[in-house]
Amino acid sequence: MQGLMASSKLSLTVAVVVFLLGMAGAAHGLTRVVANSPDEPCMNMTLYYHDILYNGNNTANATTAAATKPTALATTYWKNSTYFGALMVFNDPMTVGKALPLAGEEPAARAQGFYFYDKQESLTSWFGFSIVFNSTAHKGTLNLVGADLMGDATRDFSVVGGTGDFFMARGVTTIRTDTIEGLYYFRLQMDIKLYECYL
Amino acid sequence: MQGLMASSKLSLTVAVVVFLLGMAGAAHGLTRVVANSPDEPCMNMTLYYHDILYNGNNTANATTAAATKPTALATTYWKNSTYFGALMVFNDPMTVGKALPLAGEEPAARAQGFYFYDKQESLTSWFGFSIVFNSTAHKGTLNLVGADLMGDATRDFSVVGGTGDFFMARGVTTIRTDTIEGLYYFRLQMDIKLYECYL
Amino acid sequence: MQGLMASSKLSLTVAVVVFLLGMAGAAHGLTRVVANSPDEPCMNMTLYYHDILYNGNNTANATTAAATKPTALATTYWKNSTYFGALMVFNDPMTVGKALPLAGEEPAARAQGFYFYDKQESLTSWFGFSIVFNSTAHKGTLNLVGADLMGDATRDFSVVGGTGDFFMARGVTTIRTDTIEGLYYFRLQMDIKLYECYL
């Protein structure tokens, strides 16, 4: 499960689009920036989210576990189980590259939260989580909620708040399933775009 | 459970209140609009939310199921169970009219998320969900959280974010219990008012 | 569990920092205020959150109960259980002073929502909840989500929305563990700072 290569350095593309009406002040060197359009985020980064499910034997490596079982809605009627009602709790590493952190290496961030499967006919889920940054580069959190419509090539979560270096952030995160390895590992690419920032 | 009449056409009342200070730009034909007051939403719609609980026998029709049982707090002390701790996961149709969609008809939107009961003395719950639009009229999601204080005639959720056609939306949704039919069906009227929009 | 002294009067520090660019209008006497900086919230209050866990014998007093058990991730590998996957549902009193409300006394507000433990190596949790005000002083709700990184002296939640007297509020709440009494009671100090208000 441990990747051979990993980069723990997180580089952000910060496009400081300071325009007149979105600028609310400049105390403490901070300036509130509100984006003009979906194409002009005030901050921008891509991270990979690694979900390593507990399978009964990987206690030391697993970062996600089922808190509830699927309900009968997922199994009685639909022949392929869609896990309806299964609540998964996670504390997943997030990395700049696709590889998992090396043993002992800190990831760029950790995603802490939950998702649960919420449709009987097909696989879809709903997420609530924080991306927790605790590195020399960044300290603070981004808070996200949203539907993971797993049948779509890409889908969007809302960034509903931020703290620390991401004070009062808002934005949209576009996710894409990058890989699935059997039943116990999947990786999501998350393109995080903030449209309200204090820079 | 299938209604006899249904309208799948969603009509929005979009009040474009473009005023000077709330307007952040006009790239891509989009203009950020921030409302002046609670009476002047920048977008406005009413949808009905249909919660069809799984009762053990309605697997094909049910859209909600209990992922956890009520805790002893809901049953030991209080003679009428208040379901404290029961977590319900849902994928509910939302419609413009009060009737359920006809068989094979797409609803105006789907509400995907969860609620759980959270008071021992009386019925109250807490919701986190997305309203997922996937029609010719609208594509995108609204993300909501909030307390459903079921004893009040109306109560308010926060719209904390939006994606797609509802890019970066915020607002307030006022809900009202429209009907309860036995233990396994209830319908909520949701008046969704957005106060931050990109139009 | 009942405190000997309690104050149910909630005093807010409202710093009306009306500056030109953050001011969006003044209909109905309401003015939208957006803060310049982290040091200049538009509204500001401190409340104590009392979590009284159900222990099997305190049904009448308990305000929190476990809806799920910890998963094996919390117990198999780590010798000190970290409750990974335990979902707690709460309806907790919030007070201005540190004491619990007197019998029959209404608290300043109630916190209604959930948290769950989400790390195998140490104690951390994730919260989603509403602070519900229903007093002569205030009616309305604040909606919060965020990571409770319990190892840090202070940590921050996002206020992602508000309703009623807190219409469309956003902000940051800094929490601090004020006391822990055994396994069944803890108190958090919550410094709630709003940076977007309609005043």
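Per-chain numbering from 1; labels A, B and C assigned in written order.
Definition applied: a residue touches a chain if its C-beta (ideal position, glycine included) is under 8 Å from a C-beta of that chain, and two chains touch if they have at least 3 such contacts.
As the structure is a computational prediction, the values presented were derived from the model and not from experiment.
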Through what angle, to the nearest 5 degrees, does chain B rotate to match chain C on its C-alpha atoms? 120
Interface numbering overlap (same over half, different under half) for chain A and chain C: different
How far is the middle of chain A from the middle of chain C, if each middle is the mean of its Cα atoms, in Å? 24
Where chain C touches two or more other chains at once, by residue number: 21, 68, 87, 128, 145, 160
Chain A residues touching chain B in their complex are 19, 21-22, 34-40, 68, 71-73, 76-77, 84-87, 116-120, 124, 126, 128, 145-147, 149, 156-160, 170-172, 195-196
In the complex, chain B touches chain A at residues 21, 23-28, 30, 32, 54, 56, 59-60, 62-63, 65-68, 87, 89-91, 112-114, 128-130, 132, 140-141, 143, 145, 160-164, 167-168, 198
